[in-house]
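There are two complexes below, and they share chain A, which is joined by chain B in the first and by chain C in the second.
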Partner chain A sequence: MLEVLFIGLSLGSILLLVALGLAITYGAMGVINMAHGEMVMVGAYVTVLSGIYLHTNIFVAIPLAFIVTALLGLLIERVVVRRLYGRLLDTLLATWGIAILIQQAVRLEFGLSFFGIHIQGLGPGLQNVSVPEVLQGTFTIAGADLNRYRAFIILVTVILSLLTWFIVYRTTMGTQVRAIIRNPKMAAACGIDVTRVNALTFALGSGLAGVAGVMMSGFKTVFPDMGTPMVVDGFLVVVMGGVGSLLGSVFSAGILGEINGLVAAATNDILARAVVFGVVIAIIVLKPKGLFALKGR
Partner chain B sequence: MSSKRPIDWALYAVFVVLIMLAPLVMDSFWLNRVAKYLVYGMLGAAIALSWGYAGILNLGQGLFFGAGAYMLAMSLKLASQTSLQQGSDKPVPDFMLWNAEPGAPTELCCINKASFLWLPFQSQWFGVAMGLVLPVALAGILGTIVFRKRISGVFVSIITLALVLLVRLVVIDAQPITNGFNGLTDLGWFKVGDLEFDPYVVPTYYLVAVSLSLVLVSARLLVETRAGIILQAVRDDQNRARYLGFDVPSYQTFFFAVSAAIAGFAGMLYVIVSEFASPTFMDLTFSITMVVWAAVGGRSSILGACIGAILINVISATVSETEGFAEAWKAVIGLIFVLVVLYLPRGLGGLAHDLVDRFVVRKRGGGERALRVTSTSSQAAE
Partner chain C sequence: MLAFSHVDSFYDRSHILHDVCLDVPEGKVTAVVGRNGTGKTTLLKTLMGLTDRMDGEIRLDEADLGRQPTFRRARSGIAYVPQGREIIPDFTIRENILMGSFARTDGKREIPPLVAELFPYLIQNLDRNGGVLSGGQQQQLAIARALAAEPKIILLDEPNEGIQPSIVEEIEHVIIRLNREVGLTVILVEQNVTFVRQAAHRFAMMEKGRVVASGEIEDLSDALVHRHMAV
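Showing the complex of A and B:
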């Protein structure tokens, strides 16, 4: 039973890793970033490439992926998202286009494959990342064999959640972000540079997705389409938790992860995911504002 | 508005004539392809109806398309040669037999626990009826729940999205009766009396083309009715419509169901043309791609969204013939999409309307005004 709960917890952690970035970008900026999954994918490819060319392991890839995806996020915000504030559904459509572009960039090796140049680690094929030995195998607590890598994911998720919480609730930028969540116009009137804060928020959200990608690469095959299902899961977590509530995302990720783990243990993975979708639909129908809704005025 | 209407209908007429003339210039291979794209066009129109006119962005339209497709595919599967040659004089789908437990009777009623659900599908027209009834029922139930609870905007999109993914998983998991990931293949031909609709012949193309024309015209007529106009009022300001005393959820649910019926109908036609039904119809990508077509073509124009879908697919098919360009083309589609959202938010349809406004309506509007002025002045003279 402990093993099942542990697996559920690690599934929840993975959900939360992806959802953290979305909780910030969607909650704070009102942007549905469908390219968020592609940020995860880029993070995973950073791990692959840094392994091939720099001979470094997954620990080095974490800060590296954060920087790469944060910069990519900044670029996307500057070029596209900035023009779409206030048009929620249009951000969804435009970022879907961006998602396709990023996928194809990886698949076509930035277009170099047309000239017969191939970059090892990119392209349409599948990539694998080998996990350092410290993280392989299992360890035993209270008679239950627990997977080390899953434990590592949980640990990283806890650290990142605390870090995000600190940024949002204990720094000047975080205060500004929260002011913008409540009321962008009023925030601007109080002298907050909304454009700049939004750009940084988007970069932060994308960077978090990049780190999620590094963690994914350790136990999933890396390929250009890997991000698409993740972004959906991430959104379900954020919406179920309540838009703009970090705590809500943490709770809903935990709940969905455990439900997924328990149902999967009792039946199979496919039904488990179906049940998760069903729970999300039921909660959105019953509480459209989510579990932990901000009380607006 | 009224002066623009004849131009609108003229465009519809041109479109209908063009798709009716297509067989003159195409071989059977392209005819089959274009028939598929016309089905996509119908999906685009369904999206425009719910998104552009009702303001409901359904990211799960694939659910209704898939429902329609599977219902007819079940009937056509039973009509297929592969189902009639399974050692029984009654049809049994081949995949059921491959997975049957040893000693299970080779009968549709009881080869596995749920196979009895297939029994009524021995009649093709039952499949056809269900292909419309099921999507409409699903949309009716979903719409009633969602719209009565006054859920709107992005939450509707997320609910529909989660729902289509849920149903997709259920269909995959119900392997014994749906053939899981593989879907229903090796289907028989759709029959009306003695006429068999081989997917590669001209009558099948006309079946699709005529259906599309009818759907387009009825959808266009529908949004011009009183109900259609109230619906647009709801889209623009739900609360105002509510305060004016309109039962908002009924209008939304009704048009949501109509859109679902069109999608289900499109699903059936797709099965006739492509001879398979599979869970990929309910993939996230497919449902979003439909929205992309509608957005490029013009979300608020039924014909525009339809043409958008056909255009994108015809160009895709042509470009991806050239080897190596298929993947690059996808990137181009992504780029076009970003550009359309940024610079042409109302799509090609919106562009066309602006052009019509600029060159035709203004001139004529000026003329009408001049006429009115002269008539009033002549009255004054009397």
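Showing the complex of A and C:
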């Protein structure tokens, strides 16, 4: 039983890793970022490429992926998203387009494959990341064999969640972000540079997705389309938890992860997925604003 | 000090302000009066850059405010107390007040002594949520937030609307003190002509998005009030 709960917890952690970034970008900026899954994918590829070219392991890839995806997020915000604030559906379409662009850029090796040049680690194929030895195998607690890598995922998620909580609730920028979530016009009228804070928020959200990608690369194959289902999962968590509420995302990721783990252990993965969707639908019907709704917008 | 010249303002395709010209002298209270829906609130929002688009020019001293984003206008010394107060219900009173301090140019984040002096109740309850306050207290909180910016100009949009009568007098008193003792320039949107005559030095009468009369407060005659404000 402990093993099953543990697997559920690790599934929830992955959901939360993906959702953390969305929780702040969607909550703070009202942007449906369809390219969020691609940030996860880019993070995973950073792990693959840094392994091939820098001969570094997954621990080094975490900060590296954060920086790369945060900068990519900053670029996307500057070039596209910034022009579309307040136009929810337009942001959805535009970021979807960006998502496709990024996917194809990786698949076509930034277009070089047309010229017969190939970059090892990119392209349409599947990539694998080998996990360092310390994270392989299992350890035993109370008679249950627990997978080390899953424990590592849970640990990283806890650290990143605490870090995000600290940034949002204990720093000046976080206060500004929360003010923007609740009342963007009044925030601006109080002297908050909404454009700048939004850009940084978007970068932070993208960076978190990048780290999620690193974690993902350790137990799933890495390929250009891997981000697409992630963004769906991420939105499930955010919408169920309540837009703009970090605590809500933490709870809903935990609940969905455990449901997924329990049902999958009792039956199979496909049924588990169906049950997860069913639960989310039921919660949205009963509490349209999510479990921890803000009173704001 | 502050001058609107030929300002037009729009929400989407609705043209709300038409060719507004108005001078706001330093250290005075300028009252903006008129019936509901004549553009008084839009005038303040245009000044803060919160409408969708404007034409014309707004100058603060030498600076051209009209082209600047909202937060720069706030940082150049204009604090806004909106209609409906717009405090943040799930922020504490302290967080609500300190929100105003983001407009300070010296980067300090503190509650100015003036706020403690004017609103002792808020200072005694800094850790309670803004949302639990009564309407009048929320109005005080919104004024405190504006003062935390250490502004030169404070914009007050119907500060007495929807507030229990016991606090109305208190807030009127605060507004007069802010001008006479602290020396703040005030733009006051107000329907209560008695209070306007008591507090303001100058007035601007609005009708259908235009300024139809303006001048010294002595010129705000009963006939003018009757013509433009009687319902």
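In this section, the second predicted complex is superposed on the first by the 296 of 297 C-alpha atoms of A that agree within 3 Å, B and C clash if a C-alpha of one lies under 4 Å from a C-alpha of the other, contacts with A are read in each partner's own complex, and residues count from 1 in each chain.
Note that a residue touches a chain if its C-beta (ideal position, glycine included) is under 8 Å from a C-beta of that chain, and two chains touch if they have at least 3 such contacts.
Just so we're clear, the structure is a prediction, and the values are computed from it rather than from any experiment.
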Chain B versus chain C, judged by how many residues of chain A each one touches: B
For A:164 in the superposed arrangement: first (chain B), second (chain C), both or neither? neither
Once the shared chain is lined up, is A:47 touching chain B (first), chain C (second), both, or neither of them? neither
Partner chain in contact with A:84 - chain B first, chain C second, else both or neither: first
On the A-aligned overlay, A:239 touches which partner chain: chain B = first, chain C = second, or both, or neither? first
By the touch definition at the top of the document, which applies to A:25: first (chain B), second (chain C), both, or neither? neither
In the overlay, answer first, second, both or neither for which of chain B and chain C A:190 touches. second
Chain A partner, complex, touching residues on chain B are 57, 145-146, 149, 151, 153-155, 157-159, 161-163, 165-166, 169-170, 172-173, 284-285, 288, 291-292, 295, 324, 327-328, 330-331, 333-338, 341-342, 345
Hey, which residues of chain A end up touching chain C in the complex? 172, 175-176, 178-179, 182-183, 185-195, 294-296
Can you name the residues of chain C that touch chain A in the complex? 48-50, 69-71, 74-75, 80, 82, 86, 88-91, 95, 98-104, 109, 131, 145, 149
Note which residues of chain A are touching chain B in the complex, please. 32, 34, 80, 83-84, 87-90, 92-94, 96-101, 103-105, 107-108, 111, 114, 124, 228-229, 232, 235-236, 239, 268, 270-271, 273-274, 277-278, 280-281, 284-285, 288
